[in-house]
Amino acid sequence: MKEYILLIDTTDDKGLVYNISKVLYANNLNIEQNSEYVDPDTLKFFMRTVITGDIKKDILLKELKEVLPLNSTIKLNEKQNKDVVILATKESHVLGDLLIRYFDGELNANIKAVIANHEHLRDLVEKFDIPFYCVSAEGLSREEHEDKMIEKINEFEPELIVLAKYMRILTSKFVNTYPKRVLNIHHSFLPAFIGANPYKQAYERGVKIIGATAHYVTDDLDEGPIIFQDVVRVDHSYSWQEMRNAGRNVEKIVLYNAFQLLLDDKVFVYKNKTVIL
Amino acid sequence: MKEYILLIDTTDDKGLVYNISKVLYANNLNIEQNSEYVDPDTLKFFMRTVITGDIKKDILLKELKEVLPLNSTIKLNEKQNKDVVILATKESHVLGDLLIRYFDGELNANIKAVIANHEHLRDLVEKFDIPFYCVSAEGLSREEHEDKMIEKINEFEPELIVLAKYMRILTSKFVNTYPKRVLNIHHSFLPAFIGANPYKQAYERGVKIIGATAHYVTDDLDEGPIIFQDVVRVDHSYSWQEMRNAGRNVEKIVLYNAFQLLLDDKVFVYKNKTVIL
Amino acid sequence: MKEYILLIDTTDDKGLVYNISKVLYANNLNIEQNSEYVDPDTLKFFMRTVITGDIKKDILLKELKEVLPLNSTIKLNEKQNKDVVILATKESHVLGDLLIRYFDGELNANIKAVIANHEHLRDLVEKFDIPFYCVSAEGLSREEHEDKMIEKINEFEPELIVLAKYMRILTSKFVNTYPKRVLNIHHSFLPAFIGANPYKQAYERGVKIIGATAHYVTDDLDEGPIIFQDVVRVDHSYSWQEMRNAGRNVEKIVLYNAFQLLLDDKVFVYKNKTVIL
Amino acid sequence: MKEYILLIDTTDDKGLVYNISKVLYANNLNIEQNSEYVDPDTLKFFMRTVITGDIKKDILLKELKEVLPLNSTIKLNEKQNKDVVILATKESHVLGDLLIRYFDGELNANIKAVIANHEHLRDLVEKFDIPFYCVSAEGLSREEHEDKMIEKINEFEPELIVLAKYMRILTSKFVNTYPKRVLNIHHSFLPAFIGANPYKQAYERGVKIIGATAHYVTDDLDEGPIIFQDVVRVDHSYSWQEMRNAGRNVEKIVLYNAFQLLLDDKVFVYKNKTVIL
């Protein structure tokens, strides 16, 4: 029997759960898993429900809409792999980790293509029989290059775009073309060491722990909603290059974990934060 | 406004959430937080709901009982400190950590008494103006001693009993007198190193990580449902005594975390496992 | 037989280890443990050696001085508890944790006194039969208050001063009175969230991990050499107060670990970093 | 200038460091890094020294031999990639992780070949232009199969053999053919859950943390000296398959870390333990 994930994002109100579960019950659906969260500051209500049964999607959405506040966001996703496009540049460690996990069946995703602004990663990607496209920025303005990127990305109609060390700064236009759909890995334990070469900064500062952060991309560089973070211990004997290498291992794990959360429809965004249910 | 925690443990069935939320709604109560879990193997349904409102406890329980399967367990606890009795023997590290946290207001508990089978810890406990009782096992059979312990414990009608390195083996009688109410800290990463002197065992085995485990006490020594575990890295330079010292820090943290979960009514037990919502 | 810890901090040079070990050998001393580190950037050489034997301290130091570069720092500490003074203000969690560990024999220290700028913690400290002094800042300039603090501190000739949530900003004069001898706990994962109310900052930013940092106090507020750091996971359901509570547990562990490293003479400082051997 | 790693494993004695460093000094060599450890129980002395200079290997070894006890083990390895053969069966996750790291230049190794007892992994391995050999056990006795494995392995004269989920039990003959040269990853936090399907065991037991262990292979199945371990949190919502998936991520990380330690000549073995310097 098919599994669906119902995602509701609305304003808290008495009887919400009752009204929602009433509709599910009337439609003869079973709740396999359910979690709710109400943010006490904003009184925003978030609900993620895994349901099974013979679902008539349009009817269900219509009936839910009727019992929910006007400003509600209601999503009903069948539990299935999401179409994804990965963007990269030259670095292979994060991309390679995703590809090998994909090969291994670890990702609930269909990687439709890898698009890079350099040729370096073509061999790696093609090993895995995944289409690779190079959209060079050579001699193009940022806007011109992005238009070509967007055009290429849209060919694959991805639900998610994963930046696997894509080293170009994105314009508002790009970001707003894919709201809440672009996942990035930042090579530092945000908000520490924002900006260039965080590992060198970390080395100079003599920190004992370094980390990485996966976040949604927004107009604010390195300031998007944080989805997942992890850290690793380092010590005085690490050169900044060794810190970078240690950090790369964290980057892989952090991006992988955040990616899975998105693929499983577990992440809500509000204000500049995430709720993970 | 008072907060209550509703705990439901029953068999999964279509419409459960609907029927429960219907009753809450009809009683004009608000759901602040809610999580459910259905165990796919046993089809057991667990629900923890934080509700606010003007609650008529008997009516609410009666109405919930009417809409739930016969075998259901329904608890409705006002959110308030629980009465606790701590049992100890001679070791002070875990007890001391609890006492200083209690002094600091970190525990949602009323520590009614500390009862030990030796005098060693009297000074420590009395520093914190908590009643200390020594029930010596001197010249008593295990059963005789336990009867005296039970008698003393019952004077304080505790909801929870915490074994803070209480080094006596408990009989079935004792365990069954307080079902799902006795919390123990085991000084190893169960199920590794069951039995005596786990740190010496760990040292001999040359492990690189040691841990501790907090679990409910059952008839099966060291085999009760696990509530919380944590670990710490060690290396070749640790003597077994140093491993023990490192382990003691984990024991404190693990017992504290498990204790908080119980105080917050977040732990369900089924089969020999815990569900934490 | 007495154990000594030999600490050498000098410029790297061929034959250093040979010359040092030659002196130790000539003095009929045994090396129990030894680690060296050479910083490749600065060619600074650090060595920590645990030696046993019948030591004539002056002779040994004289002979070592003869074989080492002029700019060398040579320390020879008998392995024994260090005299410590703790400074505090009103918060009890870090202080309480230190006191209970001290009571439990976990610290290789003699806590000579706790000095605070308020009376709040007197009861707690006196429970443990440790002298408590309140040096109020009431109506005093920062300099006047610090002079009184320094006067009181010096009565106890401490080797180390531990700031257990001492909430006063220290002047250069104070810092320079006790170079590399003042340990502080900062309630954030430095360099993230420098400044006031880091937990509120962390909450606003929606981070998934928070931490704490123990560092030497220098003129640069929150910028001293980092000794130890640790972190804990948090999620969207944490209010900033709950983040603070989770953070307090990390603060305790971090300060304790850094304190132990100092008590064991394992920390060297160079540039604005620490080498831990 | 070439870097060498000097590894000494002997019985502790006064003047050891002096005598060793004297030889190094006389040979005009520089000590870049040095750590020693003396096991207090056995009085075994372990030393790892990174040296640079113009080394005449035979002379140096001869002179060191002269100043060290007879039973000493002295190794002098040039810092360079080690030749490695990987054994596998059908599972791709650990092998794939090693291959992608190898591709990415993370491993100080030359992977000469992957040898498996099934054909399943040929495609994966050959993507990376690494020779793949299938030595089927079809219709062979354990001894016959191992003889063919040994024959194939020896073609590549590997310094290290890595078992990347090689699911065959090894005989004493095999183990003794490659003493202290066979690295295995065990899919549990040893010594917990020894034997078949540890994840199912862990699930049944309801543990809150699972782990993995990398160890040298000895005659004692799952009992060899432990090199590295790590863990990950799980909870009641994990099926045993989900625990296995979570565990696979730990297996990768643990094997990678242990492998690096061996490649960097940082691991000594004594009794059934490892010293890591």
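Residue numbering begins at 1 within each chain, and the chains themselves are lettered A, B, C and D in the order written.
Please note the rule applied: a contact is a pair of C-beta atoms (placed from the backbone, for glycine too) under 8 Å apart; a residue touches a chain by one contact, two chains touch by 3 or more.
It should be emphasised that the depicted structure is a prediction, and the values quoted were computed from it without experimental measurement.
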What's the call on chain A versus chain B, same or different interface residues, using the half cut on shared numbers?
same
Larger contact count among C-D and A-C belongs to A-C
Chain-centre distance (mean CA atoms) for chain C and chain D, in whole Å, is 37
In angstrom, rounded to a whole number, how far apart do the mean CA points of chain A and chain C lie?
41
Among the residues of chain C, pick out those that touch two or more other chains and give their numbers.
33, 37, 237
Indicate which of the five shapes (line, ring, star, complete, other) describes how the chains touch one another.
complete
The residues of chain D that touch chain C in their complex are 14-18, 21-22, 24-25, 28-38
Residue numbers on chain B that touch chain D, as the complex places them:
37, 39-40, 189-193, 205-209, 211, 225-231, 235-237, 239, 271-276
Would you mind writing out the residues of chain C in touch with chain B in their complex?
33, 92-93, 96-97, 99-100, 103-104, 106, 124, 127-128, 237, 245, 249, 253, 256
